[in-house]
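Step one of this worksheet: look at the structure below.
A, B, C, D, E and F label the chains in the order they appear, each numbered from 1.
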Amino acid sequence: MQTYWPASSSTTPRYAGPVSFFRLPTVSAPDQADIALIGLPYDGGTTNRAGTRHGPRALREASMMVRPFHHVTKTSPYTRHRVADFGDCPIDPIDIQNSLKLITGHYASFAAAGTTPLTAGGDHLITLPILRALAKNGPLGLIQFDAHSDTNDSYFGGHKYTHGTWLRRAVEEGLVDPHRCVQIGIRGTRYAPDGTDFAETSGITALYIEDVYRLGLPAVIARIRDITAGLPAYLTFDVDGIDPAFTPGTGTPEVGGYTVFEAQQLVRGLSGLPLVGADVVEVSPPFDPSGNTALVGATMMFEILCLLSVGRR
Amino acid sequence: MQTYWPASSSTTPRYAGPVSFFRLPTVSAPDQADIALIGLPYDGGTTNRAGTRHGPRALREASMMVRPFHHVTKTSPYTRHRVADFGDCPIDPIDIQNSLKLITGHYASFAAAGTTPLTAGGDHLITLPILRALAKNGPLGLIQFDAHSDTNDSYFGGHKYTHGTWLRRAVEEGLVDPHRCVQIGIRGTRYAPDGTDFAETSGITALYIEDVYRLGLPAVIARIRDITAGLPAYLTFDVDGIDPAFTPGTGTPEVGGYTVFEAQQLVRGLSGLPLVGADVVEVSPPFDPSGNTALVGATMMFEILCLLSVGRR
Amino acid sequence: MQTYWPASSSTTPRYAGPVSFFRLPTVSAPDQADIALIGLPYDGGTTNRAGTRHGPRALREASMMVRPFHHVTKTSPYTRHRVADFGDCPIDPIDIQNSLKLITGHYASFAAAGTTPLTAGGDHLITLPILRALAKNGPLGLIQFDAHSDTNDSYFGGHKYTHGTWLRRAVEEGLVDPHRCVQIGIRGTRYAPDGTDFAETSGITALYIEDVYRLGLPAVIARIRDITAGLPAYLTFDVDGIDPAFTPGTGTPEVGGYTVFEAQQLVRGLSGLPLVGADVVEVSPPFDPSGNTALVGATMMFEILCLLSVGRR
Amino acid sequence: MQTYWPASSSTTPRYAGPVSFFRLPTVSAPDQADIALIGLPYDGGTTNRAGTRHGPRALREASMMVRPFHHVTKTSPYTRHRVADFGDCPIDPIDIQNSLKLITGHYASFAAAGTTPLTAGGDHLITLPILRALAKNGPLGLIQFDAHSDTNDSYFGGHKYTHGTWLRRAVEEGLVDPHRCVQIGIRGTRYAPDGTDFAETSGITALYIEDVYRLGLPAVIARIRDITAGLPAYLTFDVDGIDPAFTPGTGTPEVGGYTVFEAQQLVRGLSGLPLVGADVVEVSPPFDPSGNTALVGATMMFEILCLLSVGRR
Amino acid sequence: MQTYWPASSSTTPRYAGPVSFFRLPTVSAPDQADIALIGLPYDGGTTNRAGTRHGPRALREASMMVRPFHHVTKTSPYTRHRVADFGDCPIDPIDIQNSLKLITGHYASFAAAGTTPLTAGGDHLITLPILRALAKNGPLGLIQFDAHSDTNDSYFGGHKYTHGTWLRRAVEEGLVDPHRCVQIGIRGTRYAPDGTDFAETSGITALYIEDVYRLGLPAVIARIRDITAGLPAYLTFDVDGIDPAFTPGTGTPEVGGYTVFEAQQLVRGLSGLPLVGADVVEVSPPFDPSGNTALVGATMMFEILCLLSVGRR
Amino acid sequence: MQTYWPASSSTTPRYAGPVSFFRLPTVSAPDQADIALIGLPYDGGTTNRAGTRHGPRALREASMMVRPFHHVTKTSPYTRHRVADFGDCPIDPIDIQNSLKLITGHYASFAAAGTTPLTAGGDHLITLPILRALAKNGPLGLIQFDAHSDTNDSYFGGHKYTHGTWLRRAVEEGLVDPHRCVQIGIRGTRYAPDGTDFAETSGITALYIEDVYRLGLPAVIARIRDITAGLPAYLTFDVDGIDPAFTPGTGTPEVGGYTVFEAQQLVRGLSGLPLVGADVVEVSPPFDPSGNTALVGATMMFEILCLLSVGRR
């Protein structure tokens, strides 16, 4: 079997040589890997501060700090699967609907090849067209790390496709089964008394940050496992779920989130789940003076990559 | 009843339109609102790094991120009370004593109108002239979130009015009853073996950060409620009470503080107390490259606004 | 006559009090002023780095540094005309065509009232819908300070409305007379051997930066006056015309531009021309760590305001 | 006895007057103090992002915020011992081996004088030559706060002296007794399945961050005390042991570390141990836009200074 | 004769060793040097953005980049005179009048010793108390590099001692002879039609930036020499005279100034004038993200030091 | 003939897709191109602030802004020659001598293939090993844009290989003919009265910045052409030759340099010279908050690429 291994930081220092996710080879045909790392530099669904179009480059650059083996499991996804960087997904910076089509088309080829995609966004709208490509065999479960429910109906006089409405669309389109959807870290002021109304009436489980701390991390992990029921699910990790002291470089920060260590524990607790894909979204480099948001994003991508690898038969 | 409501972020994006606290209307006559949001751009009491004169503008700008409803209580202060932005209090950038007079005069008009002021500082000295205006019916209780006791006697050869001495003056002037004063988060090296000497001999309760973690948040909340005894109190929130990983943009940061989430829990625990006013102070934008300090400050202002609204009959 | 005057910085320091363009009053009805200062927080036409949506706020904040009288002419526009801040123009962050309509509609009301608009952008696409509102009596002349010709035909597979194509559209729509259009400061690598092809074949005069220095500023001024022929013209000032050492906070910086002093001389040289409106565009605060781009933008707005005032009968 | 006391911040504001560690006097002869504060501006052992050569200056500047008395113990090291700033250790920016010699020579004079050194680095390689000077009477114990084990064998084709290999060298050279070495906070991806192989086979105790949280701080303190066995030990504090939300300004940040408050608790728990020296390393000012890393480093230096003072008979 | 020489950057790298102006020794008795380098960390006269209190430290740090010999004259001031760092002047951060007294007192001792002071500010108000100490034998001439005339009468309801009024006070107090005063680089909008009214009616020569470029540098130099008439003069260099692309880190930037190279030519053109002292003021590090303002300030201090040395018999 | 063309920014926006110099293909065999773009991430020769090891990545990223055609010549180097990105040259971060060997070896393969290298540094020491590879047929001429002469003999006790001594070594080794070497922009204080002593006695022509402005750009160009005498020469462009208002992100900034526009004119004036290679060095991203230094560096690389292309038969 063709395998891939990151360029060695003992030979080429991390500041030298080509930049790719985790220093892995860059390939292009979907069947050249089992797990595909894909950049998605699109922020046309953003309703406030832009900049996540620059996310994939910052995540690749920060991923140079990530080495092949996980320090807890002492295993590497690269020994089990072929993992490679597939470059950036084509997008249309001017036209949202065309971008959605381009994205779905691109991911359909990975779905067809049986390759699991792990995406670096981009704003959160991108999860919708990815789900359209992946949910070909019926609705998926969803594990969403996020400060926001993203279930508003529309913005600015009826616009239905934004980073704050994508999940409502995904439910309406039958891409996810709301009873197998769980959100972790919801918080922040909202526009209506019950801003997670749709989420809750549709059957989505929203674990507020207060729930996370009240239940404790093991119980949260158990809830996520219960809700997703061992069925195929997609994991989406919005870096604004984390407290903005750790991840200030994001479009809509909400103070009072979990720490990165807590996020790591939660993600690790999901090992073994049958994930069909995942993304890390909403890293906005222009608002990230210290670069820590990108570093957190890249490290969480690796944690999630380990999940995808273990969960993939 | 005349009511006010924030401009809709679904109509006008948060980066557009006028800037006011929480996108509320700007008014001027004290009786036009029940709760007044006031900027106080003064840092003449600062003994080290300046810049809090720029705090009110940064807090207004960051407050554009805050929506009308609280995600835990699912209520909004704007449904209960008229809340509006009253612009900035007049100050004298050159003369401290004149500034103190101008501030007290300005707040006296709110006191006379029965309007509860919530102030965005400015350095911590500003709490003194506000208390002079509000403590007309006898000493108030005080709930102070802060890394510093602010009870030094004087600085630089006898100067008695600074952001490090204001509370001692407030006790001496009978504006606060020290036995109903409580400080949360005190820490950091000090000039004398017992730097909270005055605080303690006068009867103020200083809860060090070590106390906060030893007692746990519920017990801290209970202590604050005990000490303030259900009597009218003022709440002052110095952002340096929080750890500077969250709030680096402040004049005198002290490492090792509580998180923003913990601060939110503490503030929420005080719901129902009869607060006569409050402030958020010591946000210094020139030292806040990521803007997170202003975001934390604005969000805490909203948390405190909810307290003021619930506590106001 | 109702007149307006900036709030005094001798009473209220520049860091205090309301933020509006040049500390002028904020009004709303188009006939309440002779010259209208308008924010236009839109960057949906941007093909590379976004962020100019945040331009109007940064320009207003920086404009607090600008005092009422010009140091060379020793006159003030406020003694001759009513000048006021009209807030931000409505826009649709998601839909370009709708934004273009909203903008044209907004400016049509100023045109109807005979009020001269001076706009703070936003990306350069916004000039197109403004011209649609102002060119009601036939094509206008155009004075464009810019590094780029902005006469590409389309981007990304046929998109015709971007900040790099707006002028071609304006010529095609008959909003400007290309023989009365002049561009100052054109430079930078390009996609085709003759990237200003359309500009030149259509009759636009492109003064490259090399022309500017070869001719000298007085000759450049004379050329601009010749080309615009004393007929009504619009002035658009893209801050990327200036060298990015002065204005790094912009989406498409091109090194090797003129200095701010030179830009000031050029603008002052146009005094007396019958300008029907003007804008300052492409200030992108997320890329402006020192804030100098906003300061340059605000100061150039004042220089242009003086032009508009002198040029208005 | 000659004693030293920091310049008073009540006389000279913290932003004025000479810059030295904690505003203490600067002296030069090793026997002029009991505890020596020494800058070591060397980063020639760095394998990735440089900049710690600028650490000592940033730490001195930040240490102006530190006052003489500890807020928990209410004592000051300056009442018990003579503590002074000895300036910077000589180094050779171009030649690693010569730098190691210069450093060992410099510290040997402090060892000879019986003066305890507390060093501000510099990258972590500097601990090796310091240990060579201090371990004259047999191997020392080692308490290492760090995200990395620093026990790789070599880098870049056989280089044995780097900030990632120094501890392996120290063990090999018999400078530390691995069975009395303990590392706190180890984490982050690694180059081999068991990247702490050498550490563990040699007898070093590596407490991963997961161990720290599983055991709890009191148990971690107990483990450190057990392992060091009451024998002379050296304490090295790499700021990357702390989570990079607190200390982004370092060369090799690893997300998911302990908080500064937790680090303070751990350090305080070691009071009374017979420490022969200590350092704070890996502060890299070019990557520290808010300055918080330097503030954390300076505050931890003071915490450790208190340890050294109590531990010194 | 006792002489002083900078620490060698060939022995100790510029990032290591003690920080003092130009790496010179630090002394304290006024007669220990012929030319005294003095920090004056005071910004109590500032009417807008503060931060120049941090100027002296940033200037000392940046001055580490300056070597002993001038590249045009190929001479060094240190071969002709004893030049040393005298630390910071005492100030009172809270009380302007007391600060003025402390400053005058401090400089009187240098005047008494016949030592020429070269000061690093601080805001521009500090020039007033320095002049009070130096103008003991009658009014001095004044060479002022500045964007602002600093001859306003008062601020904020009558305050007469600010960085915008100091020169008017100096004229009124007879410290300078207005007919021997010249300002270079005046520009920027102003509060009144003729904002340099006092300057001009009193006899001060204000060379606007337009004059500078119209006359050319040699003629400007000639004018300065004419006006100062070979009599004792003081040179004050406000970094805001330079264009803020070069010096953004200042409290009141005005776009459209001269370049640093031009400033260097002007200063060098004054060689031989009998200067009794000089200062570099208004460097505000919190607004200087790239550090270039401090580097410019330190380099101009060296250029001026060369002037003082040549001009001193 | 195999030709290469940059990825289209009209298809893939500049913030998307792979990062390579000018969006060109990445290849590896030296004979796959006529002109090779090579990154050289080495800063081991730096005597002060490090960080140029990160230069190649920042230059590649900034080069995404550069389009294929030059706006003055209206030609593209890509129509004449095969130009491609060859990735980064291998280096040894720990050992200078080994790095010099690795670099010379790498470039020897390009010399053997007859491929002209254009290098993105790295610190200025890297020019030495490149010259060793290229000067195989006798000494080369040298055109050096720089603030510093780089002809010191040694640093820090005899180290002969640094970014401040490389040219002296190149002369001594016979790699360049000093009588065909010219330096443009020399300035800044120095360690000895005549810091360019070696340069001048050996026959190198040092054009100080004062010479540049005294002679005027056309005469400077003529001098360079005279000195290099139409013989093969190497061009080295240190970004610190430019004024640090334009290029603050460099290790040893010297105020008072030429502008970028002037640098462009000078470079363009050298068209047709037979250049055998070139480099752009000393871009240090950690000191470049606005990113302008990298943008200037990348644009100058393109200007120089055009020179190389025209000069190559």
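One rule holds for everything that comes next: a contact is a pair of C-beta atoms (placed from the backbone, for glycine too) under 8 Å apart; a residue touches a chain by one contact, two chains touch by 3 or more.
Since we're looking at a predicted model, the values are computed, not measured.
Hopping across touching chains, the smallest step count from chain B to chain F is 2.
Of the two chain pairs shown, D-E and E-F, the one joined by more C-beta contacts is E-F. One inter-chain figure worth recording: chain A and chain F are separated by 41 Å, centre to centre, where each centre is the mean of the chain's CA atoms. The mean-CA centres of chain A and chain E are about 55 angstrom from one another, to the nearest whole unit. The centroid of the Cα atoms in chain B and the matching centroid in chain D are 38 Å apart.
Across the assembly, chain B contributes residues 13, 15, 47, 49, 53-54, 93, 155-157, 243, 245, 287, 289-290 that each touch 2 or more other chains.
Taken as a contact graph, with one node per protein chain and an edge wherever two chains touch, the assembly fits none of the named shapes, being neither a line, a ring, a star nor a complete graph.
In summary, the structure contains touching chain pairs A-B, A-C, A-D, A-F, B-C, B-D, B-E, C-E, C-F, D-E, D-F, E-F.
By the touch criterion stated above, chain C contacts chain A in their complex at residues 43-44, 47, 49-51, 53-54, 92-96, 155-157, 159, 161-162, 286-287.
The touching residues of chain C, when paired with chain F in their complex, are 47-49, 154-157, 186-195, 208-210, 213, 243-245, 248-249, 252-257, 287-290.
Partner chain C is touched in their complex by these residues of chain F: 8-11, 13-15, 65-72, 74-76, 243, 245-246, 259-261, 264, 289-292, 295-296, 299, 302. Within the complex, the chain D residues that touch chain E are 12-13, 15-19, 26, 39, 41, 53-54, 56-57, 61, 87-88, 90-91, 93.
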